Amino acid sequence: MEETHHDDHHHEELGFWRKYVFSVDHKVIGIQYAITGLVFLFFGFCLMMLMRWQIAYPGRALPIIGGLLGDTRMPGGVMLPEFYNQLGAMHGTIMVFLGVVPLGVGGFGNFVVPLQIGAPDMAFPRLNMASYWSFLVGGVIMCLSFFAPGGAAQAGWTSYPPLSEITPVAGQVMWLVGMVFLITSSLLGSVNFIVTIIQLRAKGLSFMRLPFFVWAQFVTSFLLLLAFPPLEAAGFMQLMDRLLDTSFFLPSGLVVSGEVLAVSGGGSPILWQHLFWFLAHPEVYVLILPALGIVAEIVANNTRKPLWGYKSLVYSVIFLGFMSFVVWAHHMFITGMGTVMSAFFQTTTMIISIPSVVILTVLILSLWGGSIRFNTPMLFALAFLPMFAIGGLTGLPLGFSSTDIHLHDTYYVIGHFHYVVAPGTIFALFAGIYYWYPKATGRKMNETLGKLHFWPSFICMNLIFFPMLMQGLAGLNRRMYDGGEIYAHAQPVIHLNEVISIAAWVMALAQIFFIVNFFLSLKTGEKIGENPWRATTLEWAAPSPPPHGNFLTEPVVYRGPYEYSVPGASEDFSPQFDEAAAPNSEPVTA
Amino acid sequence: MSHEQDIDKHVRTYIKVFGALLVLTVVTVAVSYLHLSTGAAIALALVVATVKGSLVACYFMHLLDERKLILSVLLLTVLFFFFVLIGPWATELNPIVL
Amino acid sequence: MSATEIPYTVEARPDTGLNNVKIGIWLFLASEVMLFGALFASYIMLRVGAAEWPHGSHYLSVPWATLNTVVLISSSVSMVMAWASLIRKDFGKYRLYMGLTILAAFGFLGIKFIEYSSKFAHGYLPETNTFLAIYFTLTGLHGLHVIGGMLYNLYLWGPGAKMWKTNPQQFINRVEVSGLFWHFVDLVWIFLFPILYLL
Amino acid sequence: MNEFLGLPQVASAHGGALDSLNSLVHWMMFIIFIGWGLLFLYMLFRFSAKRNPKADYHGLKSRASTYGEVAVALVEAILLIGFSIPLWSDRVDDFPDPSAAVQVRVVAEQFAWNMHYPGPDGTFGRTAVDLVDAETNPLGLDSEDPAAADDITTINQLHLPVDKPALIYVSSKDVIHSFTLNRMRVKQDTIPGLETPVWFTPTVTTAEMAELEGAGDDFSYEISCSQLCGLGHYRMRGFLKIHTQEDFDTWLVENAPSEDAGDEDDFWN
């Protein structure tokens, strides 16, 4: 699969292109992934801000920007419903597949995992490069679909047929083709991660000494590896439906705008949903696990004490990964499920919430007895905890099929998962950026700007998503072009639309602090050495930024990942790689 | 992994497995001309295919003496394979009916 | 490319007993199992949901497919023999068996081509009904795998074989990995054959 | 006890039980969140580097949290086995006897709800897709079929009597919609190619609810579509009127298809 002739002689002469663009160095690829992911994230954010205008002020012309978007989208500045649907579908797709996953797995995973396990690189560096480029191609195809005839995909990020098969062809086909590229990218990446973690661990780094972040990536990679292929299969089938007129997902006897649809029929729309959610439920854990990993690292580092239950954390995350393959149909309760199957999926859904409870419990109780430093990464990591708690807890009434009757496809669902992904995952990713930025660049990000970024973001996130839960309880449906204003039952909560939208725009302003900080710190950030956070894991043994090949001497691991404040040690941290740092203690276990 | 000494033994096994696969192929085709009931035909064909598949996996792909690590990954995969195979079907079999 | 040597590319890591590529290919095959698993699941869903489901032989030719099964099984044997020949350090035999494997792959594709053409000639297209749709999808995807495996084998037979001189162990690893993929393709066919043609 | 959720006033027999479960779950969530949240805030205060300059390697000694985890699991199990599964079973297994219920077919299309009542004979007339005419016969009702003669069809207007089980067969002509009666706590995806039964017993007439809400005459129960179904998803709105039994009977008579009038007019009532 992967070759290893290494021409040591040419090493110094790598040109610009090989070094920064077509690089096979995991750190460069990681940074490429992260930056691309951030750009897509920002793009997805912009799409959403446009939607929020229409939701808050249905039918009102959007000044300036509206006029620029053209008559097929916003004639006279007023958004068309088809454009709204495109924005919705693409916001969801971009955020999930082009923003958070590439940032969390492609970015942090690539950059941090080999460093944390003391490896010189990923096991298959060229596959790694292929994975990035496949992702980029897929992402660009997706985004270009806005310029396709008829516009981008407009059947939601879930692309349910038959709707997705009767909307304009070009956008949906580009969505599907883009998806195939993204899936290929994920498969290449996940094979690479698993092999790397199994094979390239440094001497002494047993599985139970792995930093939790590595565990999270390990489980995540299995989810990607085994859950994505079914969506790939489904994607092929939908492509065939669209391009070769098959009827995998089209039943017989469809009548669209008064005309009988000319297809052979006999297919099943539900089949798509099964295959989609077979991926997409594990996918939501793909969104959250790297985030949990980041938070665990930062919490341990900034409480200056070991995580309180490392082992339960590890077992929970493995169990969570396994269970995530058997809950998918909780997204489909309302499609018409009998008691047996709904009981089955409700039960698995409740079971899967238990490891999440354990993980959160461990993370929270790890604070006990700590000496907490409130720096920017820690603020984001701490905020993650209650935000994920709200998101996770609101999953429970959705997980009971009987309460899901009222809540399904309302803004309650939107509120639920945004609490997990936005103030949850996105905060964790911000925390990770602030935390590992010094390793990647040799400079720290500015603390003041960091705090100016954190507080408004934290407040606005809650102003955005908490009202959505209230709207959902009132019964306001999601994917409403006019924000639901024609419905009487929406009236008691309709005024919240404006509150939410304004909070979303204010949050955009808060991101300016981040963007400025991100670029400014490259030049002006405080220069730091190897280990600015006085941390224990292996990445801090490498120079900042680490050279190609990572470590100056091959690291050896002497102890567990979070040996902070070991009694009898001279410092309050005893790095894994430092033999002399502490009396050789056993890793703490719970 | 395999050494020259035991490779001869392996090769003999390969030939035997080859024979068995050919015989089983003939069996499935022959059975399909018997016009069994659909259920029986499916069951029989799947059993034969599973036997053939296992022969390929165990002998040609050397799963019999593969490392535990790989076997456990495959076990996991097989489990999930059955989830995706059976889950949608089971749900289809349990619709809301009057 | 750089000073970075990735450990365990050729030799096995002592505690896992495996080299990187070996784990890599098995993980890849695991994902392939899920890919075909989803298609088999679709087959089941379409079949149980169908008002009537044609017997495979109504549209398809069982004799051709039986022949193809034999061809593919034989190629699996010659593939494993090619690998065994390398272990015996008999490069000539390797060339022979690998050559046979590639020929068999050509044969398989040729027969598939004949089958496809006759379907098209009768106007049996993917759009005709869901049986044909899933038939073309499954065999088409399988055919792509055959092509992929065949191309890699061609490489190992021709230009790639140079490595036998420079790094025999890595070359054996590659043949083994390619073999694993090839046997998997065979294995998939072993299931496709009864499911599509005989039931 | 349920008000704190801001759920809309319920108007069906089974809705109360669903709401109670909903609020039980939310109570549990609040308790967990407040409990952990207070502890969390306390720890942030108590163990800040300022107040606790030296961290304790061993951290929390108590394992009491395990009890908390077990308790959460138990409560979930009780809510699941004791409430959710039986409530679901009540929805999908215990259908009322069709003869004792008002039966209606609801056929969704982009972007309207077609209602089809069997009429006095209690049998739905045959429908076929090739008879569909977007303007005159959206349901594709076969006028040759004797059972179709007395069938009543309406668009976007569902009429039902109070306190009598309503048995509704939902289906779709084109894409997936979701038939949602907010105050009845009914939601069912309409899957093209399938006909799925749902049932409920309305307990509050439209007039009574208008009074309860102080909403006046323009109050109406609504039908909304919850599943994205295209451009007009947001305006796929229908109306549900719950009559007293007498009013409903009158409505049936008034809307019965007249012998002589052409089919055309009847579909546009």
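Quick notes
The letters A, B, C and D name the chains in turn, as written, and every chain counts its residues from 1.
Just so it is clear, a residue touches a chain if its C-beta (ideal position, glycine included) is under 8 Å from a C-beta of that chain, and two chains touch if they have at least 3 such contacts.
Predicted, not measured: the structure shown is a model, and the values here were computed from it.
When every chain is represented by the mean of its C-alpha atoms, the one lying closest to the mean of all protein C-alpha atoms is A.
The centroid of the Cα atoms in subunit A and the matching centroid in subunit D are 33 Å apart. In terms of their C-alpha centroids, the spacing between subunit A and subunit C amounts to 34 Å.
Rounded to whole angstrom, the centroid-to-centroid distance between subunit B and subunit C, based on C-alpha atoms, equals 15 Å. Under the contact definition stated at the top, the residues of subunit B that touch 2 or more other chains are 69, 76-77, 80, 84, 87-88, 92, 95-97.
With touch defined as above, residues shared between interfaces to two or more other chains in subunit C number as follows: 16, 18, 23, 27, 30, 34, 37-38, 41, 45, 49. Across the assembly, subunit A contributes residues 198, 226-227, 230, 268, 270-271, 274-275, 278, 336-339 that each touch 2 or more other chains. Going by the touch rule set out above, the chain pairs that meet are A-B, A-C, A-D, B-C, B-D. Those residues of subunit D whose C-beta lies close enough to touch subunit B in the complex are 92, 95, 98, 167, 194, 196-198.
For subunit C in complex with subunit A, the touching residues are 1-10, 13, 16, 18-21, 23-25, 27-28, 30-32, 34-39, 41-42, 45-46, 49-51, 125-130, 133-134, 137, 141, 170, 177.
Those residues of subunit C whose C-beta lies close enough to touch subunit B in the complex are 16-18, 22-23, 26-27, 30, 33-34, 37-38, 40-41, 44-45, 48-49, 57, 62, 66, 69-70, 73-74, 76-77, 79-81, 84, 87-89, 179-180, 183-184, 186-187, 190-191, 193-195, 197-199.
Residues of subunit A that touch subunit B in their complex: 198, 222, 226-227, 230, 268, 270-271, 274-275, 278, 322, 325-326, 328-329, 332, 336-341. Interface of subunit B with subunit D (complex): residues 95-98.
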